[in-house]
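Supplied in structure tokens, the structure appears directly below.
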Amino acid sequence: MTQERLDREIIAMRVARELQDGDVVNLGLGIPTLCSQFVPEGRTVVYHAENGVLNYGPMAEEGEEDADLTNAGGQFLAWVPGMAFFSSAESFAMIRGGHIDVSVLGALQVSERGDLANWMLPQRGIGNVGGAMDLAAGAKRTIVAMEHVDKTGAPKIVRECDFPLTGKGCVSLIVTDIAVLEITLGGLVLKETAPGWTPEEIQAETEPTLVIAPDLQEIVL
Amino acid sequence: MAIQKVVGSFEAAVADIPDGAWLMIDGFAGPGGTPQNLIAALRDHGAKDLTIISNTAGLASVIGFGTVPGDRPIDIGVLVDNQQVKKVIASFPVSPSPSRPTSFEKAYKAGKVELEVVPQGTLAERIRAGGAGIPAFYTPTGAGTMMAEGREVREFEGREHLLEHALKADFALLRGHRADAIGNVVYRGTSRNFNAVMATAAEVTVLEVDEIVELGDLDPEGIHTPGIFVDRVVRIP
Amino acid sequence: MAIQKVVGSFEAAVADIPDGAWLMIDGFAGPGGTPQNLIAALRDHGAKDLTIISNTAGLASVIGFGTVPGDRPIDIGVLVDNQQVKKVIASFPVSPSPSRPTSFEKAYKAGKVELEVVPQGTLAERIRAGGAGIPAFYTPTGAGTMMAEGREVREFEGREHLLEHALKADFALLRGHRADAIGNVVYRGTSRNFNAVMATAAEVTVLEVDEIVELGDLDPEGIHTPGIFVDRVVRIP
Amino acid sequence: MTQERLDREIIAMRVARELQDGDVVNLGLGIPTLCSQFVPEGRTVVYHAENGVLNYGPMAEEGEEDADLTNAGGQFLAWVPGMAFFSSAESFAMIRGGHIDVSVLGALQVSERGDLANWMLPQRGIGNVGGAMDLAAGAKRTIVAMEHVDKTGAPKIVRECDFPLTGKGCVSLIVTDIAVLEITLGGLVLKETAPGWTPEEIQAETEPTLVIAPDLQEIVL
């Protein structure tokens, strides 16, 4: 079997399986944004964007872009029935108040206890925190979607984050291009592997020691 | 005398902003909601040493971010370029990509401007608190991170929270969609973002709007910013 | 599966309220905004030992107060009469006139119910805080009064403030005007009062409404309570 | 000259002279409610009611009562152009945030330093605080409109309130049925008298010692 890294769409597809019928979901920039394309049939997900819109649907068609209708990343949305608009204060009251079921975020580092670092590269000396800290603190469940290692090949799943933190102990699931990992009180559990990857190979790209799930399986899409 | 908040020009609407003023200015990921005309008028007016509270510190120099191709909207980056800015309080101060630095990032790295980074929800809530007479509140956001530095930490229900203080400003420069003469305002779509909350927290709130309508034309159930928060409205020509 | 929050009967909408539940129920100076049908259903349902967070403790027994002559609307006074109430947290718990005591006042004086009086703005803000994830905040309201008893007092800008804590509930029983199937709601006129803020602060939010409309019929700019806050909607027949 | 007590309408008329063009005003129950009828010509006042309406106008005509449009006291209002509705949380954000220029309230007692007691008769043992404490704390200016003495003839303007307080040092002007008094750092100043009343007679019905204004005059309506 060829050992390949999953592409961004496949990561997003795996994350999308976590979204339950009726969930209110906030998708971060990058891979998380792609998740909305892959929600399993029969499930209705309510999308929240922190710039103040609920129940948004697809991106705007070319030529239909409207500066007054974007997601938090500045991507143009389509006008669909059922949307509701509100201010940033109300939007973050929803987030902080526990009204968002799932937040899907990218990450620079995640620790084995679920600490998240995703807003500042230390060497840049300046960064965009945006709504990430509020989402990390407020969403009922935080899922990280990311590449397993950084561009130099260094693990992004670490014992302790050395990048500035976004939130402590907030991440419950990590979906990467080679594995699905759950953060539990009993440790960092390897639940699923990408096709062709052994637990040992995944461990080699992961700093903390993995707990192998008794029902470890190939990634389910 | 009937109340009349409509002002004839952007120039007049910003003419009394003094050097050293604290401003709230809307700006998100794209031009939606940004008061481009008021920002341009403030650039021409020239007030200096400004402290600007905004979601971003200007992203227009990063092409294509929430912007229709070919368009290069005005945002607070032009005030940074014009050396009018002393400090920015923002959640999203720089380009998402380090390789495409904004005017602000260059000025910051050159030591020409100060920065306070605030989580976006904490920023919105601090502004809301400023408008709502709440001097301080506790929030779970940022506990256990850099944001806790210099802040009081307190546990509620076994969880750490930070004490955050209200933000207010001398002037708010905002963008609405429709307004009437007594200053009732509605926004359009996601352009409401920080506009509605900033309107409550400044001594003088100024909006540019697409349209001025007759009293009674706005649905009284759907007014986002009641007129008591609004001091000046300028129609975008 | 499409989201569907419309419930067929008031009875079904309150059937799972257990004894000892904390409820938020709208009620102001008159019947506007009061969920009379849900209150009647809760009376018939019979859950006991309820703690009710509301602006009033029931004023309908005081004739003519915000009420069209001849009308005797239902409010939480009927739950007091039915001995279902353990405690009320309210700003306006009794009749304006001592000579016309309400059901609640009589029960209170007989030692049958407990009362926490909260200034109306503090009540609204504590509920908002409950919905917004703010565990506590400082307010100038009530400093130097009885309300300071047992509360932390702290100075901001030379002025005393009280620390107030968030309020949440298990259920909110509310009244809206129009709703769609995914639970977006608009209120009408001053009936919005505590309804909109209570909708954010309960585990289960239930509304009775005048009308259920098609998805897209509500103006997305004018939705007062977005559907994510709403669990059940019942149409008033 | 006959010495009469001013009636409630005249008290309201005197208070109304204090309302400036463009002021945002909240009127309490009782005498304060009457003020809106007497705002001097040429001045536009914006009315705020704490149950969530701004820019309201006259009371509803008989037969036009609408349960969804009342002031905070349950009186029916008329639908007029320019109104704005909002929630109680927003309404009190306006009050607490200093966006109300003038609050006119009734009182049980006012102290010489401007402490206000207006929400509970101690002998009743229970009372309605309503929005009074928020208005006392938040309005830029608080004016009390009341009878000078209670039904037993006891002064309501006292050295120290012995009724439960609504707010400390919040009252700046008191308009009664016999006098207009200003609370200043230099003491409780008698500014205006009702027709036929001497300062000595007003002092006799007032507990704290009055400072007589150099420009003391008969009440100006």
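Order of writing sets the chain letters: A, B, C and D. Residues in each chain are counted from 1.
The working rule: a residue touches a chain if its C-beta (ideal position, glycine included) is under 8 Å from a C-beta of that chain, and two chains touch if they have at least 3 such contacts.
All values reported here derive from a predicted model rather than from experimental measurement.
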Higher-contact pair (C-beta pairs counted), C-D versus A-C: C-D
Interchain centroid distance [CA atoms averaged], chain A/chain D, Å: 56
Chain A-chain B separation of Cα centroids, rounded to whole Å: 28
Inter-centroid spacing, chain C versus chain A (mean Cα positions, whole Å): 37
Residue numbers of chain C (touch at least two other chains): 125, 128, 132-134, 139-140, 187-189, 220-221, 224
Chain A residues counted as touching two or more neighbouring chains: 85-86, 92-93, 95-96, 137-138
Overall pattern in which the protein chains touch one another (line/ring/star/complete/other): other
Chain-to-chain touches, reported pairwise for every pair that qualifies: A-B, A-C, B-C, B-D, C-D
Chain B residues touching chain C - in the complex, by the definition given at the top: 125, 129, 132-140, 156-157, 161, 186-189, 219-222, 224
Complex interface listing, chain C residues touching chain A: 1-3, 128, 130-134, 180, 182, 184, 200-201, 215-216, 220-221, 223, 226-229
Footprint of chain D on chain C - complex, ascending: 28-33, 55, 65-68, 91-94, 96, 98, 105, 108-109, 115, 117-125, 127-128, 139-147, 177, 187-197, 224
Chain A to chain B touching residues, read off their complex: 29, 49-53, 65-77, 85-89, 91-93, 95-96, 115, 121, 124-134, 137-138, 164-168
Chain B-facing residues of chain D, complex: 21-22, 24, 42-44, 46, 48, 54-55, 81-86, 92-99, 137-138
